[in-house]
Each structure stands twice: as structure tokens, then as C-alpha cells.
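You will see chain A twice below: alongside chain B first, and alongside chain C after that.
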Partner chain A sequence: MAQSSWFRNYKVAACVLVALAAAPLVPVLNSSYMLHVLILMLMWSVIGMSWNLLSGYCGQVSFGHAAFFGLGAYTAGILYLHGGVSGWWGLPASVIVVGLGSLVIGYICLRLRGPYFALGTLAMGEVLRVTAENMEWLTEGTMGIMIEKRTWVAKEPFYYIVLALAVGTFVIMELLVRSKWGYYFVAIREDQDAAESLGIDTTRYKTIALVISGVLTGLVGAFYTNYMGFIDPEVVFALHDISIITIMVVMVGGVATRWGPFAGALIMIVLSELIRAMPKIGTAHQTLFGVLLIVIIIYLPNGVMGDFRKVFRLVRRGAAPARAGGE
Partner chain B sequence: MVQLEVFLQTLISGILLGGLYAVIGLGMTLIMGVMKIINLAHGELMMVAMYIAFWLFSLLGVDPYVSLLVTIPALFVLGVVIQRTLISPVLKVDSILPENQVILTVGIGMILANLATMFFSSDYRSTPVSYAADAWYLSDYWRSSPIELSLSVPWTVSFGFALAITAALWGFLQHTDTGKAIRATAQDKDAALMMGINVERMTMVTFGLGAALVGAAGSLFIPMYYLYPALGGKFTLIAFVITILGGLGSTQGAIIGGIILGIFESMTATYIGMGWAPVGRFVIFVACLVFLPRGVAGLMKRS
Partner chain C sequence: MALLEVVGATKVFGGLTAVDDVTFSVEPGTIGALIGPNGAGKTTLFNLINGFLPLTSGEVRFKGERIDGLRPHKVCARGLARTFQVVKPLQRMSVLDNVIASSFLRFPDRADAVRHAREILAFTNLSAVAGEISKGLPLGFRKRLEIARALATQPDLLLLDEACAGLNPTELDESIEIIRRIKDKGITILIIEHHMKVIMSISDHIVVLNYGAKIAEGTPTEVAGNPAVVEAYLGKGE
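Let's turn to the complex of A and B:
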């Protein structure tokens, strides 16, 4: 019984996993460019899932996930630059560094609530960016860190590493969200005072969500350093290109849904590649993203997955006259 | 003696900068107090105002301080339009995360910054006013002065305008019916509604006022600052730090917070290094969150 219900719940997940694992074998997808797009998509899904844990389930909206991403990226970069070891050691090392960093950020920011927490985390991302720009002896400042020799020329190894990260994150999310902690997180999101009065140590569980979310994002950051071979503060601590896109990925896909981050990452990456390909409109990609964000917030506040029925109905109705507020 | 001179000069430029910061912070704290949302497009609105002032200067030769007459009403209208068409509908949408409005303002800011890049390119621009490098020197007025201090003309004039605008705002909030209605709405929305205040309209006016204030700040900053489309983000953060520093939604707090931040930034720039000024801003922000979570306003209430 337990076995069959497990299978029923995760049939889709198993299919997706098999499809993704087999993707490099499909000739059309096995170009350097397509694999790059797929790697980006998986990276964003991991960041999206981790943001979803902290912000979607636990309700602590972070505007500063670039802080964790950048910390992870720089852990790998600095290990390579000063430690003289492979940047891949950055992955295990970033768990410790970002874990500690998240504790500090949590200590400062988690005393804030709602939008104030959001802005606190945003400030943390900016603090780290400016620090990385100014601590030239450690980070090479705005010059950035360049990894001279990429580990592999082919993209497949990178693809399978990030796929493993994504699967691991997905499993962790499923275990967490279905555990007692997951219920605590949702309780905190719905009403922090009520959760507190029921005996949930809100600060403790918010910190747990933040640290797990941060560490997973940091792992992607460390992966990014090894994959791209170059990092600088403007890129890895970027407010718009990392922190805000993280939020958009989950908002578009669906906040607090299992598949939202994947759907969001897919939509966002495909969109940004399409927009970039268009000659005149390329420079307007932030305007288009901004418009998309506004449209999503007003019409699909729960994202593509959360408002699945609504999207479905809209698509099916198609040419039929759309009625305002057709609930 | 040189040490003292440097210190006093830094203090003066800090106060001048802080006065201008206060105007930016006031706009944000007003919106925060009444609407309970954070306007993350605040700096971008200022960027829009700066472009208005810049084009008025470059095309028509209008002095940046005269352009206040245009930027203030223009930004008021822009604020009202944004509030009516975008923010107000979202306040009614039901969703899991209440931070939707904040994220919405991020989207608005992104669009404004990107449109500015597309239309005006990302070049750095400035208004080369004739008095840009002028200054008043202490030794001109007091011949035997032991130390030499100077007051930059554009900074001082801007500071004067900032004081006047702040005083006008205070008078408006304190003594007019609309001002009182706005304060009532900030205190308790439901109670204000029951007293017959048109809360919806007050929210609109407040957002317009907040935008107009930051628009004025744009006109006041343009004689001294370079203008480029991405400048908004920096000032949004500054506005936010000031509101936290001053105490959320407190107008007096925003003024004091602005001046503290101005002094602190100019001190870090002088004694630690130019590049670290933004870090100084965040150090004071974090210190404030940890040690003084209710800001200067909380401190004033206690004593």
C-alpha cells in the first residue's frame, strides 16, 4: 500500500527524471547550446526550489538570494585562487561557509517581519557585493576570479552534476515539506503569532528554513563558478539578475507548489533566450520581464502551477469571449 | 588643526547630504506609513525626475532648481497613475504571499530603469550649471579664521530647498484637512473610514505625494550627481535604510535618519575610503536592526 501510493505520488517525478537524464542522448538536444540552456534551467530550478522553501512554504520572502549564491560562488573561487585546489572542493566547502553565513544573515534579518525581512535580505546581498568589490586581497575586487582551465570541455558532466543537485534538492524538499517541520513552516507563514502560541519556536524554524535554503542556493553558486569559469561581484551578487529573477521563477511557476520552480525556470529561461534572440527587442528584456511580473501578480497570483485550472480554462476557451472575473 | 578642518568639512558635507537624503526618506516613509507597503520603485521614480530635469536643462536651458516646478507635479501625477492602475488592483488580489505589492513595485522599477536605458541610452549625463564648482569660503567672511571651511553653492542651495520642502510638507500634514486625513489613515485605516475619510483617495494622494517628494529630490540632486538609468536602485536602498533608521512610518524619524546617514556616509568616505561608503550605509542599517529595531522614533518615544 505504502509502496503503491508512493509510486502514484511520484510517477510524474520519475518520468521527468528519466526524461531529463536521457535528454543529452536526444540528438536535437545534444548541442552545446541546448545543454547550456538545460543546465541553466536546472540551476534556476534548484535556486527556485530553495527560495520556495524559505519564502513559499515558510512565508519569509527573501529579496537577497544572490547573497547565498554569491557566497557559494566565491567560496569555490577563493579556494581555487588562494587554496590552489580544484574549484569543485568549493561545493562541500560552500555548505559550511554558506551555512555559517546564513546563520549570521538569519540572526540579523529574522527579527524583521514581512516586507521588512525582504528588504533586510536585499540589503545583505548588496553588503556582500560591495564587500566583495572592496576586499581586493581576497576576491580580486571587480576584476573577478577566472578559472584558467575548465574541468571538462564537454557539457555532459556539468549537466549530470547539476541534475544530481536538482534531484537531491527535490528529494530534500519533498521530505521536508511532508515532515513535521514542513507543517511548522506553513503554520509560520499563515500566522506567526498563532504558530508561536501553539508552541512552535518560530525563530528556530525560520532559521532552519533559511539555512537549508541558503546552503542549497550556495551549492548552485559553487557549481556556477566551476561551470562558467569566471565570477565577479556584479554577476554573482546581482540584485536584478539573481535575486529578482529567483523570485520571478517561483512567482511565474507557482509559490508553494511542488513543480512551480521547474515550470518557472523553464518558462523564464525559454523566454529570456527567445527575447535575446530577437534583434531589436533584446535590450528591452527587463521591461518585458517587468511586464510579465506585473501581469502574473495581477492575474495569476499563484503562478502557472498554482492557478493551473485558471490557465487551462483560459487556454481552452481560447476564442470564446473572455468574461471578466469568470470564477 | 588640519585634522579638525577635515573633520568639520566632512561633517558639513554630511549634513548637507543628509538633508537631501531626508527628502527621499520622507517620501518613502509617508507611503509606508499610510499604505503599509514598501515602494521599491522609489529610486527609479527619482531617476525619472532627474531625466525630466536633465532634458529641461539641456534642451530649454531651464535651471535645475526651476525645474522643481515641473518635476513635482509630474511625479505626483505619475505616482497617482501607478497607484490607481497597478498597486490598487493588487491590494485586492488574494494570494499566498502578502509581499506581492512589494514585488510589484520591483517590476515597476525594472520597467522604468529599462525604458530609460532604451530611450536615453546608459550614458552618464550631468547638467553643467555655471555655479557647479562655486563655493563660499569661511576665510572670505572671517579674515583671521584659524581654519578654512567651505560651503559648496549647489549643495547649500539644494539643502535650503530640501529644508523648505520638508517644512512645507510638515505644514501640510499638520494644518490642512487633507494632511490630517492622511495622518488619520496612517494611524488606523478602519477608524478613518468610519470617520468619513475617503481612504481610497487618501492612499492615492499619499502615493502621489511620496512620488512628488522623491521627484523634488531628483531636481535637487541633479546639479551635483551624474545621472544614468541604473541609479535608481541605489537610492531605493538609501530611502529604505533611512526609513528603518528613522523608525517605520515616522516623519521626524526620517529627517533625523537622513541626516545621520548623510554624516555617517561622508565620514566613511573620508576616513575609510570612497568605495566603502555603501558598506558604511549597511553597517549602520544592520546595527540599527540589531540594537535599535524601532529606529530613532522608538528612541524619542522612550525618552
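Let's turn to the complex of A and C:
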């Protein structure tokens, strides 16, 4: 059984990979705008997967993934600004910087449980934002860091870099979830006391989940600096635009599911772009966006992938009148 | 030498002394029982033994070494596993996966962990439900799963916290049978139980707690005839 499901999963993953790799060759998608949307989608997939590891599998709900994203982004930005090297060195450098940063954040926050941990991480994101705003000698403060000349004008190279990041993250997640660590993460999520008494060093494994999660999100942050060419604390340490959206992506897609972060990123990005493009809505787009999310959460509490059967049934029923409530 | 020695264990919560200067020991290869009315401090004592709660004073020695002050996972790694009164299975995982998670402690390699987990499931009569999600299982199965998860860590001493509570007569007999088999494997057991049938039929040595203090100990017959025990359970006669 395990063999055949491996094969099936592998097939789906391979198809998705081929489709994504070929996407820039499709005429409809090969515009600067569509590629930008795809890049955003993949970025959010990686952030979503990394959040999913810490919060979905290991059960430590983070409200502060902007901390990791921003640390990564500023690693690249500061290297470029003060180090005089290409911002791309920020990717390997961010692994070290965010890895150490995650250890510190973990040391402070992981002694807290449940909502207290969530609030602790939320505070860490805010602390780093304010720090970045005030350490002007290092970060240029609220002026932000501008990369004068971006590496490529075309979007394709950026697209393939972030695709590689997404594939790498996906593979890491697959290996982790099936390993001893994966079992330990879930055991901690389901019941930390039981896990501890069954010989699992919960502090250690929570720290491992947090560091992996943080480093992967930090890599996206470092990529973001190079891709957008401009960062400031309000953007990369944003509570609503990064930390909260991260949670939304995974909740909409399906917490602790393999494809949830991808599905969530796709839905969130497409929805947000569609609503933004609607005439006469203007700044109300965020309100509409919020309402849609509430609807999704009420009717698909396990996310699109978690409630896949339900979605499938709804779609198949098609024109048949949908009944309120459900099971 | 006793496998487990509890010496003067005391736990004070605010103004309440939940466990009051309790001293007892568990000999290797035996089944010890901890009984007492509700609120007597039995589960608190378990929490002190496996490191969930720090002792206010006293000592816990396991295999001759002090284990008080160690975190629960370290205590477990030394060979002391426990189950919980309120069963705590990994709800969204299959029965087999639940046990694999515990097997990893002694078998870092996944294939070995899976093999060991299957042996444990067979031992606890759970093979038939190996693939089921543990959330929907009847209580009898979940109680046994709790035992299986603890056994998978290959303990020398197993603390069972009401592993038989809420079971129907058939399930009860099955659990008693499993507990006997665990003893036959050479694993020492300390059990908290309300079910007198279980206590009287399997235990070698009984410790009775009331209001946190030890009021009696001895063999099942000695304890059953002890006036202090009868009084703790039934109240003072006229």
C-alpha cells in the first residue's frame, strides 16, 4: 500500500512540476504580469509550506513569520548595501543569519504554549520591524534599501529560481514528514505532555521545526529583496501582509496537508489579483477579500485540500441547489 | 534492590499538600498498585515519579539513581514509561503510526521502528485496527493503544494510570490478560486502578493513599482487611 501511494504521489508531483516548469512557455502566461503572479504564488507556497511545518505539523502556531521573512530580506539588502556584493549572496547568508535568529526566537518563544507562543512570535515580528526602522546606520531605517540595478529585466530567471526554491522545499517537507522527526512533530502537536513522557525531547524538536521553518521563509525573504529591488521595514516585517497572510494561505489550502500551501497560495493570489482588478471597488478590495476568507473558513474548516472530498462533491453537483449547512 | 524507590515524596500546591511524605518501593518483576479514593493524590504521585511535576521535597530513585529533577523524556529514555488516565492518542494518525512514533526512541531507523511497532500491536491485540485512525476507536482500543505506545519505548517500569477504567467486562478481561503478559515479559508495573477486581487479581503489593498520605500497604489480602483502608473507602462505622 505504501509503495503504490508513493508512486501515485510522485506522479502528481511530477505533473505539477512539469506544468510549472513549462508555464512561461505558455503564451497566455508569458507576460510580465502573469509571471509576476506566478512568482508571488510560488513565494507564498514556500512560506506556506514552511509555516505548515512549524504550525501545521508541529502545532506551534506562529503569528510572526514576517520576522523570518524580514530577517532574510534584510540579510540580502544589507549585504548589498554595506558588503558591496550581489544581493544573491543574501540567499546562502540568510540561512546562517535566519538560522541563528530562529534559535534566539525559539529560545524566547518556545517555552510558551498555545496562544502564548502565537503572541510571542507576533511580538518578535513587531520587535524586529521597529528595530529595522531605528537602526538607520545598518538598515537605512524607514527609507528602506534599494537595489539600484536588478540582475535581470526579464521575469523568467526569477521565476525559475523561486520554482527551484519551491521544489526544494517540497522535497524537504516530504522527507521530513515521513521521517522520525515528522512523527515527533505530529506527536508534539497532538499532545505535548504525552510526547514528552514517551521519550520525545519536545523542546529540541520544536526548536528544530522552528529553525527549518524560519530558514525556508528567510530564503524567500532574501529572494524577495533581489526580485523586487526594494525593501523597507513596513513591507518585509508586515504583520498583516506577511504574518497573517501566511496563516491564511495555509488555512485556506489545508493545514498539515501536502498540497495545502500550494492550493492556498494559488487561491489567495488569484483572488486578491481578481478583486484588485475589479472596477470601482478600490480600497474596499481588502474588505471583500476578508469576507471571502471567512466564507471559506466556515464552509471548508480543513481547507481546500483537507476538505477535498467536499469540494469535489460541490463541484460535481454543479447546478443542483446547494443546501445550507452541510454535514 | 528495589527498581523504584519513592522516599518522602511531598508535593504542595499553594496551601494544599497533594502528596504528603509518601515512601514506598516497587520490586523488579512485580506488579505494584496504587489505590485510594478520588483525589487521594495518585496521579499527582505519578506526575512526580515521571518528572512532570517537581517534588516539593523527597526523592525518587530508579535503578538506584535519582531521577527527580529530570525531564519526562529523559526519565522515559532511562526505561520508565507511563500512560495517561485521560487517553492521549495522536488523534489524526493511524494506530500503527501512533506506536511507530514511540518506537523511534529505541529504533532510529524507520524500517526497524515499523517492525517493532507491529510486534507491539500484535502483543496488545491491536493488529486488526493497525490502519484505523485512532480518533474514532472505541475506548477499549484507545486504552490499549495507550499501553502499546508506552510499551513501544521498551520500558523496564511501566506506570499505568487507570488503564482499565471505563471498560466493559470483556475488554477488562482482555486488558488484565495483557497486563499479565507484560509482567511475564519481565517488565515491572505500577498501576493506579479503581477496579477492585483488577487490583485484587493481579497486584503483588498495594499502596493505599488517602488525602495524599500513605495509610496502608501490603499484599491484597492484608490491605483488604486493614481497618484504615475500609474507613477511607466506606467511612467510619457507628
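Keep in mind that, in the parts below, the second predicted complex is superposed on the first by the 309 of 327 C-alpha atoms of A that agree within 3 Å, B and C clash if a C-alpha of one lies under 4 Å from a C-alpha of the other, contacts with A are read in each partner's own complex, and residues count from 1 in each chain.
One rule holds for everything that comes next: a contact is a pair of C-beta atoms (placed from the backbone, for glycine too) under 8 Å apart; a residue touches a chain by one contact, two chains touch by 3 or more.
These figures come from a predicted structure and were not determined experimentally.
Can A:Ile200 be said to touch chain B (first), chain C (second), both, or neither?
Touch partner of A:Ile200: chain C, not chain B.
Please determine whether it is chain B or chain C that touches the greater number of chain A residues.
B
Tell me which partner A:Ala187 touches in the superposition: chain B (first), chain C (second), both or neither.
second
Quick one: classify A:Gly59 as touching chain B (first), chain C (second), both or neither.
In the superposition, A:Gly59 contacts chain B only.
Considering only touches as defined above, state whether A:Arg309 meets chain B (first), chain C (second), both or neither.
neither
Looking at A:Lys149 after the superposition, I want to know if it touches chain B, chain C, both of them or none. Which is it: first, second, both, neither?
neither
Is A:Gly114 contacted by the first partner chain B, the second partner chain C, both or neither?
The first partner, chain B, only.
Residues of chain A that sit at the chain B interface in one complex and at the chain C interface in the other, please.
On chain A, the residues that contact chain B in one structure and chain C in the other are 256.
Where on chain B is chain A touching in the complex?
Residues in contact with chain A: 37-38, 40, 86, 89-90, 93-100, 102-104, 106-111, 113-115, 117-118, 233, 237, 240-241, 244, 248, 273, 275-276, 278-279, 282, 285-286, 289-290, 293.
Provide the residue numbers of chain A that touch chain C in the complex, in ascending order.
Residues 178-180, 183-184, 186-187, 190-191, 193-202, 256.
Which positions of chain C touch chain A when the two form their complex?
50, 52, 71-77, 81-82, 84, 88-93, 97, 100-102, 104-105, 108, 110, 113, 149-150, 152-153
Across the complex, what residues on chain A touch chain B?
55-56, 59, 61, 63, 108-109, 111-112, 114-116, 118-120, 122-123, 126-127, 130-131, 133-134, 189, 239-240, 244, 247, 251, 255-256, 283-287, 289-291, 293-294, 297-298, 301-302, 306
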